[in-house]
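Residue numbering begins at 1 within each chain, and the chains themselves are lettered A, B, C and D in the order written.
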Amino acid sequence: MPLVEGSLEASAKAALDPDVWHYVNRGAGGDVSVDEATAAWRRYRFRPRVLRDVRRVETDLDLFGHWRTPIGIAPSAFHRLYTPDGELATAAAALACGAPMVLSSRTTTRLEEVAAVINGPWWFQVYVMREPSITAATVRRARDAGASALVLTGDTPYVGYVPPTGTARPLPLTDELALANVAEHLPAAGVDDIWELIDQDAGITTDTIGWLANESGLPVIVKGILRGDEAVRCVEAGASGVWVSNHGGRQLDRALPTAQALPDVVNAIAGQVPVIVDGGIRCGADALAALALGASAVFLGRPVIWGLATDGQAGAERVVAAVTDQLRHAMGLAGAVDLAGLDPSLVLRVSAG
Amino acid sequence: MPLVEGSLEASAKAALDPDVWHYVNRGAGGDVSVDEATAAWRRYRFRPRVLRDVRRVETDLDLFGHWRTPIGIAPSAFHRLYTPDGELATAAAALACGAPMVLSSRTTTRLEEVAAVINGPWWFQVYVMREPSITAATVRRARDAGASALVLTGDTPYVGYVPPTGTARPLPLTDELALANVAEHLPAAGVDDIWELIDQDAGITTDTIGWLANESGLPVIVKGILRGDEAVRCVEAGASGVWVSNHGGRQLDRALPTAQALPDVVNAIAGQVPVIVDGGIRCGADALAALALGASAVFLGRPVIWGLATDGQAGAERVVAAVTDQLRHAMGLAGAVDLAGLDPSLVLRVSAG
Amino acid sequence: MPLVEGSLEASAKAALDPDVWHYVNRGAGGDVSVDEATAAWRRYRFRPRVLRDVRRVETDLDLFGHWRTPIGIAPSAFHRLYTPDGELATAAAALACGAPMVLSSRTTTRLEEVAAVINGPWWFQVYVMREPSITAATVRRARDAGASALVLTGDTPYVGYVPPTGTARPLPLTDELALANVAEHLPAAGVDDIWELIDQDAGITTDTIGWLANESGLPVIVKGILRGDEAVRCVEAGASGVWVSNHGGRQLDRALPTAQALPDVVNAIAGQVPVIVDGGIRCGADALAALALGASAVFLGRPVIWGLATDGQAGAERVVAAVTDQLRHAMGLAGAVDLAGLDPSLVLRVSAG
Amino acid sequence: MPLVEGSLEASAKAALDPDVWHYVNRGAGGDVSVDEATAAWRRYRFRPRVLRDVRRVETDLDLFGHWRTPIGIAPSAFHRLYTPDGELATAAAALACGAPMVLSSRTTTRLEEVAAVINGPWWFQVYVMREPSITAATVRRARDAGASALVLTGDTPYVGYVPPTGTARPLPLTDELALANVAEHLPAAGVDDIWELIDQDAGITTDTIGWLANESGLPVIVKGILRGDEAVRCVEAGASGVWVSNHGGRQLDRALPTAQALPDVVNAIAGQVPVIVDGGIRCGADALAALALGASAVFLGRPVIWGLATDGQAGAERVVAAVTDQLRHAMGLAGAVDLAGLDPSLVLRVSAG
């Protein structure tokens, strides 16, 4: 049960092209949000229960599918930047762990191929593109390929500004790879036009939730929520789940750490829909805090990429498995035998220092 | 959209005489206030809204004039210390950005010449001098030259003590330059008498607000406010605006950071008059926090000087433009399309560490 | 009255095999709890009383026996790892100081031999083993050998995961020593089976409290409590005392520091049974804070081991005597002449930094 | 108006014997209280008033005498350790500044000689010795020599333990000097007996307040108060003033910083008697915070000794004068023209970091 710690990150850095490394680990603006995400979880302390029968501790979860772990794989773009098999490796890792995986809209493999590996439910992340028909087509394809939920990214009307560092060369990615998922929907036009068509539509609103649900027939989770009132607004517009995220610190810098935003959202939602969280979670203790605070599931972003970069499918699998094992171990020591046994009284937020 | 960060400050330091650099960046007393001003803004975190149509984000502002940005140029003395064109360069930068500029009483260029560059509204900063007729004459000249508001400095009955450092030579400034704005009002007396006549009057009170308004016919903003009750007292005495400032940490050391004082003042004023703020603001995120907390506009002091020192008008212009661009970018990511869309729920103050 | 500070710890480190040192000082998981335990006590400040007659200050205590000091020796395993006489040295130190000693279930000396040294009351720490008859037999032997209370470890259904460091060799401990206390109850079976029989039973519940009381006729203190509601639950199940502990940071990492958990437990228990505390206490001032907050007694873990490692019985004795002397000195300066004179108003928790 | 900062302390360190330096700067126990005293004042921020007529700012004070400054000289022992003229130099400094001076019971000059220098009111610090007649005689002598108040040290039933450092040689002090103030009251006995007679009486209580008042006819201020209820208890027993102090961190280590204890005491006393404070005050801003929080006067301990060590009377005088000047300067910038114009709304305590 090794921890997912500095050594994995260092291995990934050594394995990756510096520009790719910068792309993976970068934050927006002044890097405040990316830098504090993990420390924000580590401010929580546990208040374990004692003298409970914990011979058997289970982490099973029903959430738009049945999973053996609440530790999921967050959506991220272009996995062939990290390992030759790209998203196929990631999907195989998810399958091996019984973990929920969210496939990005921006993959280097057609979604149908990835879905074939998973052979069961998975979730599809959605950017609404300026040409909405492309988005409509991809979500229908996702549904047809077995997706059980859509994850609408709500925090990215446009991409957050990142100061350039290092060589600032473009990512080593061919157009063919970058367009794998949408190529079939594009007109035979000049390249510049293409990129504009598939760029994010900065004009989408909560109306998009209902539109996606109608197009796909799937439940829609809105990702990028950091406040309770916005979560409620999304649910009122038809969302079937909300995902607390600050986009890994890559969008609005100084956005609240998810560890601090989660309780507000959980409280506002009051059980109407599931609440999911990502951002800075690096080990089972972080995950335990999140689940105790009311998250139904916890998603890993960069750690999975570090695993892919270090050792492909096996690397990603080890990350998800290790965090799951750590979670199960900690649950037992905290006196809980299943996810239903976790509640906010298990955690207390302490001040820094 | 580069950030106004350490590199600009370092360039300015390299460009300036060490004594001038010390004069610019110094704080009073033990440097507590000057050192903590920026960090105080960085304690605020954002609670962005999502799924808003942010295709068009505007930063326009009506505040004793119409401006394209709420990022203004705070008053500071003697711009020819920084660039050969002095205040003419600053004014040209303000004009280019559509930004409000406050011209200091202590300029190295006659105010009429500066006003001619701006070709529109501007604000005039007022020290009441021991010989009040000089002040009266200058504010009338400012009005005649197009000033749309006066900014009465309320926190400087006398200049705060600064421990000497470095060479401690006098500033490289001729009397002619130092007296550019007031020379025409001075008697043909010995130099010592002159400096006494134009020194601050430590005896001014809130009666000065009405006196200035009467002399000039202009609205009077009181600068140097750090508490709600004092803000109210100034408004009751006729102030048309209050400006939260600790004078860049150059007056009473350990005065409250403006980032911490602002909410108290906004709350006490309750919308009666506009509230303005300066102090430690270095980027669009700082500005977004200030505007969300209730400031109508945000003024930059040292960063503009650094810009002037580095590249004259173009340098100052880049500073104001960059902070404006960062603000607009961050507003969109926070779900706001104009300044009216900002409110205190967008920010949360977090503890340090 | 030397302090128990870095120098003792350094001497112990120099005296011990690196693997033993790692075993002693290690924490579980990411070492958060082990690292912050001492600092958590040092956040308390004292509010002394003045002008009290403190010519005579006493530290006597009645708590399942009569003691001359409330500074006790916490249970820890395998003392022959630290000094040739093992638990016999520890017992002699306790006797010399008039201090309560808790003998571990996992000793390198038969409990009867240790009890013979103490020649008076002592407490026996209990792990319920998978083969309960072994536990039942040992607690009856403890009672027969003069134990006046049992301390049931409630926070260890299984041993917390510790990342390996250093050589990661097994502890330099023969089976004969490791099994000294239980050998007589073991079947003549293969070694693997033996270790399984005596491993912790992860299935115990609060029912174990009554079972132990019935088997031994002794009062049962539950150790490992970090929250008031769990303390009450144990008392309702028959516990005669509760012991606030996070197992020296060796079980659930990020469990609340005992310095922070103690007030909640004291408050919930409301005087029904005594509350004991350990974890990070290194000097008389730490102990004074704990006693003022409502602990009846304060136990030392690692410092006693450091004393044993450095100078055997004399080393352990100096540790307990020094902390007792420091406590008595501080009590007088705080205006208290006995333990009954301590109350929560003597302490105030301050923020870090 | 130089600050009393590191450079003075460094000069004093260079000028003094290492053992004397250790004696001056030492704290008790783990040095927590001595180390945090100054930082505790620096947590206060100011909320200045503006637009007040501050052409004339006065620091005059009536407090058991009339003084030109509220910055006093705290009692400390054996000034001939620091400068050849000892307490005579200190008294001359106090006189020059118009500052209240508290003469220690443990002087290296007879109190009558010191009083002759001061030529006006002064205060006498009292330890009640085991032989009370010696104390009674000295307080009568103090009254006869012009003392206007007694300062009873309440926090020292015995001397706080200080871990030895450096050479740990005895102080370079002859018996004749150490006994200057009490020699005339001692029997012609062996030296050991003498030291016992004049040692502190650990048995004194609040009854001592009335006894001292009766013996001397002078008002009695109790020094060493850190909590409101104890302050009230002293006033109920006849105290005419209370002095918030933790004895410079030399008695109970981890006693609350005086900066943090002062508001509680001021609040509990509610104006019945004056409240005085010492501990960690190093500049006018520290003093301004203390006075705004409700202290009537502020006393300097170590800084005066550093001044004496560096330059005798002139050194001590510069310290008191500098802090007074800094205070006056800061008062004006805060909008206050006299001590009556200070109130708690001028300060706000901020968290560290």
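Worth a mention:
Rule of thumb we're sticking to: a residue touches a chain if its C-beta (ideal position, glycine included) is under 8 Å from a C-beta of that chain, and two chains touch if they have at least 3 such contacts.
These are the chains along with the protein names UniProt gives them: A, B, C, D = 4-hydroxymandelate oxidase.
The structure displayed is predicted, hence computed values, not measured ones.
Different-residue interface: subunit C and subunit D share under half of the residue numbers found at their contact. Each chain's centre was taken as the mean of its CA atoms, and the one lying most distant from subunit C is B.
Averaging C-alpha coordinates per chain places the centre of subunit A 61 Å away from that of subunit D.
Subunit A and subunit C have centres, each the mean of its CA atoms, that are 43 Å apart. Of all residues in subunit B, those that touch two or more other chains are 351-353. Every residue of subunit B that touches subunit D in the complex is listed here, in rising order: 29-30, 32, 154-155, 157-158, 160-161, 163, 202-206, 208-209, 222, 224-227, 229-230, 234, 251-257, 260-261, 351-353. Contact residues on subunit C toward subunit D in their complex (touch as defined above): 1-3, 5, 42, 44-55, 283, 285, 289, 326, 329-330, 332-334, 345, 348, 350-353.
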